Structure formats: C-alpha cells, structure tokens
Amino acid sequence: MNENHTLEHLMKKADVRSYDCYQCGKCSGGCPMAEGMDLGPRGIMRSAQIGALDSILNSSTIWLCSGCYACVDRCPHDVNVPAFIEEARYEAMRRGIVRRDSEVLNRTFLANIRAFGRSHEMLLAAFYNIFALKPTQDLTSLPHMISKKLIPIKPDPIRGVGDVQAIIARAERLDKLVKEVRE
Amino acid sequence: MLRYAYFPGCASESTAKSTTLANEFVFGAVGIDLVEIEDWCCCGATSAHTLSETVGLALPARALSRAERDHPDLDVVTGCASCYARLKLANYKVRTDKDAAWLVEKALGRPYTAKNEVLNFLDILSLDEVKASIETAILRKFKDLKVACYYGCLNIRPAEVTGAKDRENPMAMDEIAVLTGAVPVDWGFKTECCGAAHQNDAARQTRPLTARILENAMAAGADVILTACPMCQLNLEMRQTEYARKREEKKTGKKVFPLLDMVIKPEPQETIPVLSLTELLAIAMGAGGRRLSLDVHHVPVGGVIAQGLSGMNEKEVREAFI
Amino acid sequence: MGINEATTYEPKILAFCCNWCTYTGADLAGLNRMKYPANVRVVRVPCSGRVNPQFILRAFARGADGVMVCGCHPGDCHYTTGNYFTRRRFMLMKKVLEFNGIEPQRFHARWISGSEAAKFRDAVTEVAQVVKALGPAATKVTTQASSKAPASADIESSVQKEGAL
Amino acid sequence: MSKVGVFVCHCGTNIAAAVDVVRACEAAKSMPGVVHAAEYKYMCSEPGQQMILDAIKEYGLKRIVIASCSPRMHETTFRKMLKKSGVNEYLIEIANIREQVAWVHDDKEKATEKAIDLIRMAVAKVCRDEPLKSQMIPITKRALVIGGGIAGIQAALDIADAGHEVTLVEREPSIGGRMVMLDKTFPTLDCSACISTPKMVDVSAHPNIRLLAYSEVAKVEGYIGNFTVTIRQKARYVNHDICTGCGACSEKCPAKVPSAFNKGLSKRPAIYTLFPQAVPAKPVIDKDSCIKLKSGKCGVCEKICPLGCINYEDEDMEFTEDFGAIVTATGYQTADWAQMYDEYGAGRFPDVIDGLTFERLVNASGPTEGHIVRPSDGTEPKTISIIKCVGSRDPKKGRAYCSRACCMYAAKHARQIFGKIEGVRVFIFYIDVRTPGKGYEEFYDKTREDGAIYVRGRVSRIYKEGDTLICQAEDSLLGKQVRVKSDLVILETAMEPAEGSASVAGMLGAAVDGDGWLTEAHPKLRPVETQVGGVFLAGVCQGPKDIPDTVSQASAAAAKVIGLLNKNEMESSPMIASVEADKCSGCSACEAICPYKAITMGEQPGREAGGNSKKVMRPIAVVNAGLCQGCGACTVACRTGAIDLLGYRNRQILEEVDALWV
Amino acid sequence: MNYTEKTKLIQTRAAALLEAGEVSYVLGWGATRFADKTRARFARSPEEAATLVYNEHCTQSLAKYLVDDRWPETRIAILARGCESRAINRMIRDNQIRRENLLILGLPCEGTDAERCRSCRAHDPVVYDELLWEPNSTGAAAAAELSRYYRADAVDALSAAEKKAYWDDVYARCIRCYACRNACPVCSCRECFVDMHRTGFQGKRHSATDNQTFGVTRAFHVGDRCIECGECERACPMGLPILAQTQKILKEIEALAGDYEQGLDAAQDNYLGAFDLDDKDDFM
C-alpha cells in the first residue's frame, strides 16, 4: 500500500472524511491537551487533507490525545478526530514510531496487568519514573502515600491472572492477523 | 430492591480508599445491592487501548462477560469514569460493530452478547426512586457549603456511546448534591478533561489544565470540588501544593523548587478540598470521618466539612472526621 | 448466443425523458459532442410523472429491448412533486416486470439533471451494454397461433424494411 | 387525411456530416400520412422558413414535422412561422436529429437509422396532434404584499408608484421589520431608522397602498391574475379610526412585559406601539398580557383615553380581497442560539448576547439610549468578543449555509463599539471573512484599522471565570490556543426563515427548500419568481441577504408584478390537462396527485353510466386552466384515461412508441 | 348458530325493513336449482325476503352490484360480510357509492366454499349499521389457512425462465372475457381502458402478449387499492390465478412502505397516489 492508500484506509476505518473539515479550529480551540500538542486536532485534519501522513504519524498529538471527545462533540461537521487519531497511533506503532514516554508508561502498565490482573497506580508510577528516567516526578506526594498506606506493599494477583494473560496474548495475535488480512 | 453487578476498578483497592468506603456506605444506606463481579480484572484504561484496539476491548469485555455469565439479569455499574468509558465502549462496540464483536469473542474465548447495560454511579443516583431514598437517608444537612460538581469528561462523552444529553453543563450531580444541603456553583469546567490519563507520561502538558480546573472552581467561589470518579479525584487533589506554589511563583517572580518544599515545608497554600460525591452523601448520611478514612485526602477535608456542618464544635469535628 | 450474433445485434431502447431535466441533459451531451451508442430513442414528455406504466408495457409488447424512464432528481422536479410519484410507480413496475418474466435489466429509471450530460451518456451507454448482453427481448414471443414471429426475427425484418425504404 | 410535410435540416454540416439527410428525407416520403418531404441547409433561416410556407401552400400541408436541432432551440421559431401560414401552431413536431443524433454518434449508418426512427415517431405523433388555442385569463389589477419589512415596503411602494393598488399585510402592529431594529447599516454607517422610517411614512401616506398591520394571510385561493385571499385582522382592542396615537394609554398601563422589539432588554406596557416611530402610530392591546382582558379588572386605558377608542370586546376579523399578483416578503428571524449551543452557555450568561440584541443596546432610541453596557451589571465592557458563524455553516448544530450578512455586521458592530467606548478592545473570531459587495472590503479594512483584532478560529466554548467570560478558541493561523477574557460576547447568529413562512408558502402553493427558504423558479434566470404563477419573492424569505440586495430584489419583484398588472389579460399555455366528462368516474385519484391544486371534484350534472341514462349530479374532475401547468401527473393516476394532457395525449405517446416498431 | 338460524334472522330482518319501507330492496343471496350454488337476490317485498338464503355456498361477493344503482331513491340494504364491507369502503373512497344510501347489515362470516376464503384475513365486517349476529371470536381470529400472498409467493419462488413459462401458459389460456374486471369492486371506471379504442391502450389482438398486457395493466390499476376479496378469480371461467398479480403489488408495497391493507376505512390513501420524501429508489 502506498502512503495515500494507507491514509485513506485509516480515515475510512475511523469513518472520517478529510473534506468534511473546513479548518474552523473549534476542535483545537477546545482541546484540553492542545497547548501541549504540536499539530492539535485541526492540524491532524489539515495534514490529512494535504496527504501528509508522515507528519501525522510523527506528531506528539496522536500520543497526547486524552480521548475526551470534546472536539467531535463541538465539530460542526461531526468529524471524529479522536477515532482517526487512534487509527493513526496504531499505524505509527506498526511502523515502530513511538513516543518514548508514552511507550514506557503503556508497556509498564500492560506488564502490570499481565502480572497481577489489575493495575496498581503507585507501583506503576514508581516503575514509570525508573524506566522513563524521571526519578523526581511526583516525589513530593510519596510521604503522604506511604503514611496513609495508599500503596500496597505486595500486590496480590487476581485468581484469573492466567486467563487475563491468555486474553491479552490472543488479542495481540488477532491485531496482527487483522493487519495482515488488511494488507 | 435495586441490584447491579459491580465493577469497582483498580483504584478502589489503593488510592480511592475513602471513596470506596463511602460508596459502600451510601449504597447500603439507600438499599442498593452491588454484587461485585467475581475475579474482575483491570479494564485497561488508559494504556491498553492506546497500544491495541483488541486488547483495549477484550480486557473490559472479560469483566463484562463474567458479569453476564454470573448475573444474566443485572446491569453493570462502576464508580470510575475511566472504567466506565472502557466498559461502555466495549459494550457499545459489541452491540454495534460486528467486526469488533467477533474480535472480542475470539480474544475472550467465550461469548459476550452485551445484552445488559453499563451504567455509572451517576445514572443510578439520579433515578427518582434513589433520590427519594437518599433524601430519607440524609441525617444532617450542610449549610452554605458551595460545591463545584466535576463530572469528568469520560462519564459524559462520546455522546454516541454514553447517550448523555447535556455535555457542556450537565446537572445530574448538582441535583444530587443539593439533597445534602450543599449549594452547587455555576462554573465552567464540569466536563473538561483533567488530564489524569497523561499525568505520568506527559506531565508538563497536563498539569496546566488540571491547575486551570482548580482555579476556575475557586474563582466561582466553591469551597469544595465534588467528583464522580476516583481518578479525577486523585488527579485534582494530588498536586495542589505544587500548583499553588506555581501560582505564587507567577505572582511574586520568586522561583519555587517543589522538591525543596519537602524539606522546608512552606506556609499552607491556597488549595481547595476535593471530595467524591459519595463521600459528601455519606457524611450527610451520618458517616464519621474515621469510618470513611477521610484522612487519606491529600488536601485536608475536615475544615470544609466542619464549616459546612455548622453547629459542630471543633473537638467534635476533630474526633469525627480527622 | 454466439459472439458474432452479439456484435451484429443492435438493440432498440426507448427512453422517456422529462423535458426539464433529462431532455436538457441529453441536449447538453450533444452540445458537448459526447459520444454514446445509437441504440436509444428518446420520447420527450413534460415530466417523468407523465409516463404511464402502460407505455412501458406497450413498448415491451411491441418488442423493445430496453426501456428507460428518466427525470429530474427528487426534490428538483420542475412541477415540484411529479417525480416522487414516478419513483413509487417504477419501483413497483420493476418488481412487477420481473415477476412477469421480463428481465428486470431491460427496464431502467434514472435521475438525470439538465447539467448531467455525462450522466446521461453513461446511463445510455450502460443500458445499451446491459441490454445488448441480454440479447433480443423475448416479450413478443407468444404461444398462440395468431401471434407474430419471435422478437429477434421481428427486429431483423424491421431493419430490413428500413433498409429497403 | 393527415397531409404531413417533413422537412429535414442539414444545419450546415452539423447534421449533414453525421446523418445521410437525403436518405432520411427519402425514407420520410413513404411514412404513413406524409405527402411531402424536403431537405434544406438551414430550415430556421428566412429562406428555409419560406420554403416550408411555400410547401404548405403548394401541397396543402396540414401538419409539419421538422427534423432539426432540439425543440428547445427552435420550437417557438417554427410555431411563430406556422401562425403566419394559417396552420394551427400546435400541429408541429420536431425530431431532434442534431443534439441527440448527429452530435453524439460517429457511425453515419446507425445515426441515419436513428434519425429515420425519430422522424417516424414525430410523424406518428403529429398525425394525432390537435389544433390548440391558448386561453386568455383576465387579470385583477391589484397586488398583495405579505410582510412589511424593508423588502415588503420597497415592493409595495414601487408597485403603487406604477399606479397599481397594493395591499400590504404585516403581522406585527407596525411595519418596519428587522431594519428598524438596527442602529446603523453597513457599509455607510448611516442611521438605519433615518433611512427606513421615511419609507414607512410613505407607505402609510400613499394613496394606492392599503396598509393592514397586525394582520395575517389566512387563506389563498385562485391562480395568477385571479387570487382570492382571506386576510385576518387580529383584534386590536383600539379603534384606529378615531385614535390619534396620543400615547396616554401606554403611559398609564400598569401591566409590564419584556419587550420583544428590544430583545427583552426593557419592558413595555400591554397597550403599546412597537416603537416610537411606528407606522401606524396607534397602539394595540396585547391580549396575553392585558390585565383587563385576562382577569376583567383594571380598565385603566379605557378610563384615560380621551376619545373612547378602547373596545375590550374587539374580535379578530376576516375578509377577502382579490389580487392579480402576490409578493412574499416574509423575511427572517435570527437563530435561537441558546437552543443550539450548550458550549456557549445555552443562555445562562446574561453577557453573552446575539447581534440583534446588541443592535438594540447600541441604538440611541433603544433601552440604554445607546450606551453599550453589560446586561448583567450595567457596567461598560472593556473587552468585547464577537463570534461569527453562530448557527451558520454548522450542519450539525445549526444551518449548513452561510448567512451572508454576518461578516459585514460583525465588522459594523466592532466599529460601532469603537465609536462608543474609549480604549475598548474588540476581538472578532471568524472562520473566513467574506466581503463581496461594493465598499465591503474597504469597510473590513477600516475595521482592522480601527483596532479590531481578527482571530481566525471558531470559539470552542465560553465559560465564566469570576465576573468575566472567557472565550476559548484556537488562533488557527498561529496554531495556538487562546483564551480571551471578555466582558461582553456578541454572537452573530444565523438568519432563519421567519416563523410561519412555511405556512404562508403552503397557502400559496410555493415550494420551500430543506432549510425553509422559499424556492425561486430558477436560481439564476428567474430569481424573483416562484414555481407558482403570479407569486413573487422579495428579500430574505428567499435566502439570506443584506439590505442592498433585499431592496434590489424587492424592486425586481415589483417590476415583475407591474409587468403582469399592466396587462389586461394573459395568455395561458394550451398544453394542459383536459377531462372527458363522460368517461370520468369521479374517483378523485387525479385530485390527490395534482401539485397545483388545479383539479377539483365538482358535483356536475351528468348521465348515469350504462344503458339507463338517468340524469344525475355526480362528481366529475374539473381542471382549472389558470392553475394547471401541464405536468401530466394526473393522466397516469387516471385509469380510464378520462383526463388527458393536450399535446401529450396518451394516444400520441402510444403512437410514438408504436412507430418505433413498424 | 347454524345456517338455518342465520337464514331465518336475515329473512326476518329483511322482511321488517321492507315492510317499514325503510329500504327499496335487500341485496342478499337466493337459492338456485343446484343445491351447492347460490346467486345474488334482490328482495323487494316482505314476501321475497323469505326467499333469501345464507349458507356456505354464498361464495359471491355482493358489493359490485351497488355500482349499478349509484343513485337510488330509497336506501338499499345489503348483507355484508368482511369482503363486502371492505368493498363498500373502497367504493365510497372512490366516490362510486355513498354511505348514506346504504343500510349495511353486517354478517360476521366463517368462510364459504370459495378458495379465496381460505386466505381471508377479515371475516368480520369493518363497516355496518347493524350486526345480525355476534362475531364468533374464534372464527375471526383463526389463522387463515393460506398465507396472505400465497399466489404471488408461489410465482416468486420460480426462476426467471419458469416465471416466463408460467405466465405464457396462463395468458395463453386467457380468453379476455373481462369477467374479472366486471366482478371486481375496485374496477369502478365508467369506461375501462380496454374499451378506450381511440386511445388504444389495449391491443385488440388475441395474443398472449396482449393478454398479459391487459393482466399487468389491470394489476397496476387495482393493485394499490385491491381489497383482496378474490372476486376476480371466482368470476374467471378459465380458472386463472388472477390474484397473483395484485398480491405481488401489495406484497411489494408492504416491503417498501410497511403495513398496507385496503378497505379498512373509507379515507385511506392509495399508495401510488401519494409519496414520501424518503421513498426508496434503489433501482437508480
């Protein structure tokens, strides 16, 4: 598939048509994460319009979207930007393009679930800080957390942890399968 | 008696201790039976679906399919907006998207038909009969306690999945809070994303927006922010000192070093307590502070509760709540 | 049917076109010198709502290989609502023709506006191809002695007659 | 005997190059009914026409077929020619062998065959053509104008000046419409009231104009030249024949309700005139807020009125009038943005107002005497945000179309603000700035020069922080999010068809589009006419437009009306439906299908069917020749074929079909 | 109640009406010389009323006779079962007869020998002035033996070639006697299209093609108004499946527009005489 095809395919999957967008900026105007984004939702749509898949896949926007859907809600043409962003993010991952911080968090998170079946926020934060090389992030809250016993010292895995692992493994295989079928 | 299959969510076991206790208290008091889904697992929010669409649907579907198997007549309810969003989406996708339904079933290795609804606490507490029970269960009323109700974005949007009618200025929570005598304020960030999902991996980007929510609530004259989600709650209160110091820095121009604060312990800052809606209800229904473990809050809540429940003396307050 | 027959056989297709949209569109196709097969014969009617299903039956009974009814797009009718009735009428007509053993591909209805010359060309070309592939209509074949010869022979004879004129 | 003459045109080489015209002509000679066939280079030319006329004489031709270009080109030419020859001009058919044969087919053999087929079809049809005669319809020389805004006023004045009687119907107690609510008009910034009130006075003083304010059209019957309209005059409770408009009653009336004219910024009494310069300048009682009419107590106005004009027993009055033409000028209303935009506060914030409210706020004769203040606390705003396209260009929450005037009046509002508040900051949020009009771009330039800051980005939401409002948007040219602290926010809302315009359209039989605007007969070539003969469009009821365009369209509609009314009678097309009364069974299927309500089922004397020929009164379809437009939909509904379309009779079409397979 | 009792009731009521001069005649059934056949009978006097019969052989629907007396001087009484009453509604809707001219004696019906009764879905009269006996609730509610579109379904099940062969056979047998038209209560034109010689809708040749043209055209004329009484088939001397064509039209209308049943009241829209902005046009 060439780049234009891929872009079209991603938009089709997300049920988004680039011509629907007339760049009014209402999405980026209301996006809570916009200030931290490079393209922002409007920029994503603009890039799609000019066929710049590359700039979409390499943007921070696809990693920073928090999925609050405020943009779609207010969009005069009902362009589902978050759905498109999600598809673009999967495509980026398929190509090995990742944002380091997000990757560390997400992988740590999933490892957490694989290990225990549930997520333990403070454990997650601790591991994240280590792997992301940000030892001091949120350190100020640590004393409170410890003193109020909000962090379980030794988390218990759920009984079905094996089941959860199997589900994740199967789901990841299915993802690959779907991708292959598509190509 | 209303019965629901209950999905507590991971936060209930750690940071949301007080909220979890309050949930149990309130639902017990109004006579709603929450049957915990047996051996539930994490819904995957928000990393799983970031990485993989199928994993993101399969994890919540695991809990939902167990609920469907064990309690075929019960709708599923959760008290966390993040969990709600994932569970509801899995439910919605299985109902509306044949491909997704197929993937979910294959990944789970067992059927999930999505015949039952997924609800959040607000849906249940807003029922007329439940509101009536809340009213009778309330023993003491707050006075002049101004509350800013924060709904959280994921309880409300996307509209096509949640079916929420009013997405900019919802009133369901305000209408429940009123029952306790609290006075909801009109403010501008009821459904704005608080950035909880990215607090770890994009701290620099998310903290300003969390701070902005707090500032707007304070500007609207609120004494306390009410939340409908433990993730929102933790996120809104956890770094308040840091935000307050940042504001101070902006005002005075004097550089602030958060880590240093751990040692020098600066003067108390301009902060706003954050309570979950069920905590507010539980207190009005007579629950004590110790019973609810209200001391786990990062921003102390005792003062504002005492002020709201005027007539209590300071000693009673101390004993009851802190 | 053999390949040779298929190439020599030229179907005759009757098209009822409304004066305000499709007829104008057909004229525009001419103005733009668009090319399409010469199989279609246009009957000008004021509105597609003027086209009585009986006209179509008559055409088939006479040996038409294909019939088209074309009008303005719904909502654009020069007479406001005419084509809405057309739409209902010929949705049913198509089913009834099929029910009566007439290949439904021989009957086509199209919305073609006055500016859609290319659509007219494409529609006529498409219908001509479809009908040509079907071969001569068998509607005229009857089981009674009083009836005329089969349609294919009929067309041939009519072509010969025209040639002789 | 038919005695058909066939004439094949070469059209230079246009036809002759692709069609063997000689062969076609020869073929025509042996077609049934044909007594003469000829071909010629240019049939439409003077000598070509002469050749046909000569042939008619020489061969005694009774019917003519011309194989040439499209009938859409020269049908009328040849009809005119026939008129000269004494042959009825409807006994002619045209075989279209240029646009639909010569120009579209390369194979000369096949093209010629097709041309011959088309000629044979035309011959078959022409043999069944009947001589038709167009009818003359008398015209009532009076016009009705519905709506007393600037469009209606202009149209009424123009028609009246041309010497025709006009009745102007306005549902509000005064004419003036939206324009008198405005403070100034772009691009000249002249006072809106100063230019519109003299016209209003002209209307009331014009000897040819009958002004019916506080009235509505209740029913429309008839057709072009002959409309009968029922008008309902709402109960005014004030005898306008003796009232002098002294205003004492309004002053003393104890009831106070929000003034719709002032967009709720002030209150008005129950007995009121819409505004000081109202025409007619006499009050009416609003029965929904009058204490006396609601509860029977009060009666202050009756006591105070020196002339005894007050009549609490007044009732709605209906009467009918005849007209030859109708102009609809029902105008617009602004979109109810509070119902559409939760993200703009859905009306919760008093300092978020729409453009029309701002017009009242900034108007010297408005409730604040022209001081721009915040409705919430009466203070003067220091920062004002203007948001464009509220309800326009928004297919999801509002209207998909552009409301056309907002870009300009947003700029006008900015300049009005700069003129009134020292040191004010004005932000204008826009998606595009559209200024197609004389002097409009220059006006926009001046607005920027005055200091308006244009921000390209649709405001995503408005929220409150303390006392101020924050407009959160993206400056999409910078790609940066902006939050503008504003003391006052003005939403430039979309124009929508006025409430009730659809029902007026329904009464007239005129079409409305998906948005509710009345539809013109042709978007380019017949922009002020509707599909219904004798009904014309003026102003915004046809689609959003600004004042200059509205006034020009009103004058254009007036010109059309004058043209119609200057005639004593008009010719109607004879190609209409006709009923064979004997065959009609009265089943009324045709009545339901007629888009023009041209068919009625009249009880008529007729004979009972069958051998027993008792005379009875029975329902029979009757076609109103004035209303029928000749679409032929009824003919298909009629199973018998009792109703048929002249010029396109069932038999004629069947003959055409048959001719194809001889 | 058995048929003898019902006949008695009819005779008594008819005699009373005629005695009182309330109606000029009572339209019902009378005996013939064959035990298993009845025919229409116009009882004009109390004595004649005694000749009226009612039994399982009353296969003929009486309604069509009303169009032969559209302008009666006194009211006409008619015995009306489900099929007659629907026909009456239909004829009122088409301005052929007037309700005020009729005194409708409703007869809840349990079916006759006729084949059409086996697919009847409306045994009880839908319009009447008086009911002569109470509806047999079980009888009315009982499911019809044949499905509503049984004839059309049978043809629909055929392949294209089989359909053609089927109709070729049917229309080769048709003798175009127009009995179907004459019996049909919906065929109320003063002059049928087949008789409009000048217009020439209908070819005069006696060929299968022209016969089929007649059949299909007739189906189009009555299709959206058909009350499914089956009189056409009862009248057909060749025993042709005439209902198939109208059933097909009703079946398609139902598929396109949902529930569609005619004759239920006298103010229904005809499908082809109305439209909906959202009508399907997937044949485009």
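Read from first to last, the chains carry the letters A, B, C, D and E; within each, the first residue is number 1.
Please note the rule applied: a residue touches a chain if its C-beta (ideal position, glycine included) is under 8 Å from a C-beta of that chain, and two chains touch if they have at least 3 such contacts.
All values derive from a computational prediction rather than experimental measurement.
With steps allowed only between chains in touch, the distance from chain B over to chain E comes to 2.
Considering every other chain in turn, the ones in contact with both chain A and chain C prove to be D. When chain pairs are compared by contacting C-beta pairs, A-B ranks highest. Distance from per-chain Cα centroids to the pooled protein Cα centroid is smallest for D. With centres defined as mean CA coordinates, chain E is found 68 Å away from chain A. Here the CA centre of chain A is 22 Å from the CA centre of chain B. Spacing of chain C relative to chain E, judged by their CA centroids, is 36 angstrom.
Contacts with at least two other chains are made by residues 193, 201, 272-273 of chain E.
Residue numbers of chain B whose C-beta contacts span two or more other chains: 167. Each of the following residues of chain A touches two or more other chains: 35, 70. The chain pairs satisfying the stated touch condition come to A-B, A-D, B-D, C-D, C-E, D-E.
Chain B makes touch with chain A in their complex at residues 10-11, 13-15, 17, 39-42, 44, 46-55, 57-59, 62, 85, 103, 106-109, 153-154, 157-159, 167, 191-195, 197-206, 208-209, 234, 238-239, 241-242, 258-259, 261-262, 295-296, 298. Considering their complex, residues 32-33, 35-37, 63-64, 66-70, 72-73, 82, 86, 89-90, 93, 99, 101-102, 104-107, 109-110, 112-113, 117-122, 124-125, 128, 132, 134, 136-141, 143-145, 148, 150-152, 158-161, 163-164, 166-168, 170-172, 174-175, 178 of chain A touch chain B. If you check the complex, the residues on chain E that touch chain D are 68, 70-71, 94-96, 188-193, 196, 198-201, 221, 269-270, 272-274. Contact residues on chain B toward chain D in their complex (touch as defined above): 166-169, 186-189, 215-216, 219-220. Residues 342-343, 345-346, 348, 461, 463-466, 470 of chain D are the ones touching chain B in the complex.
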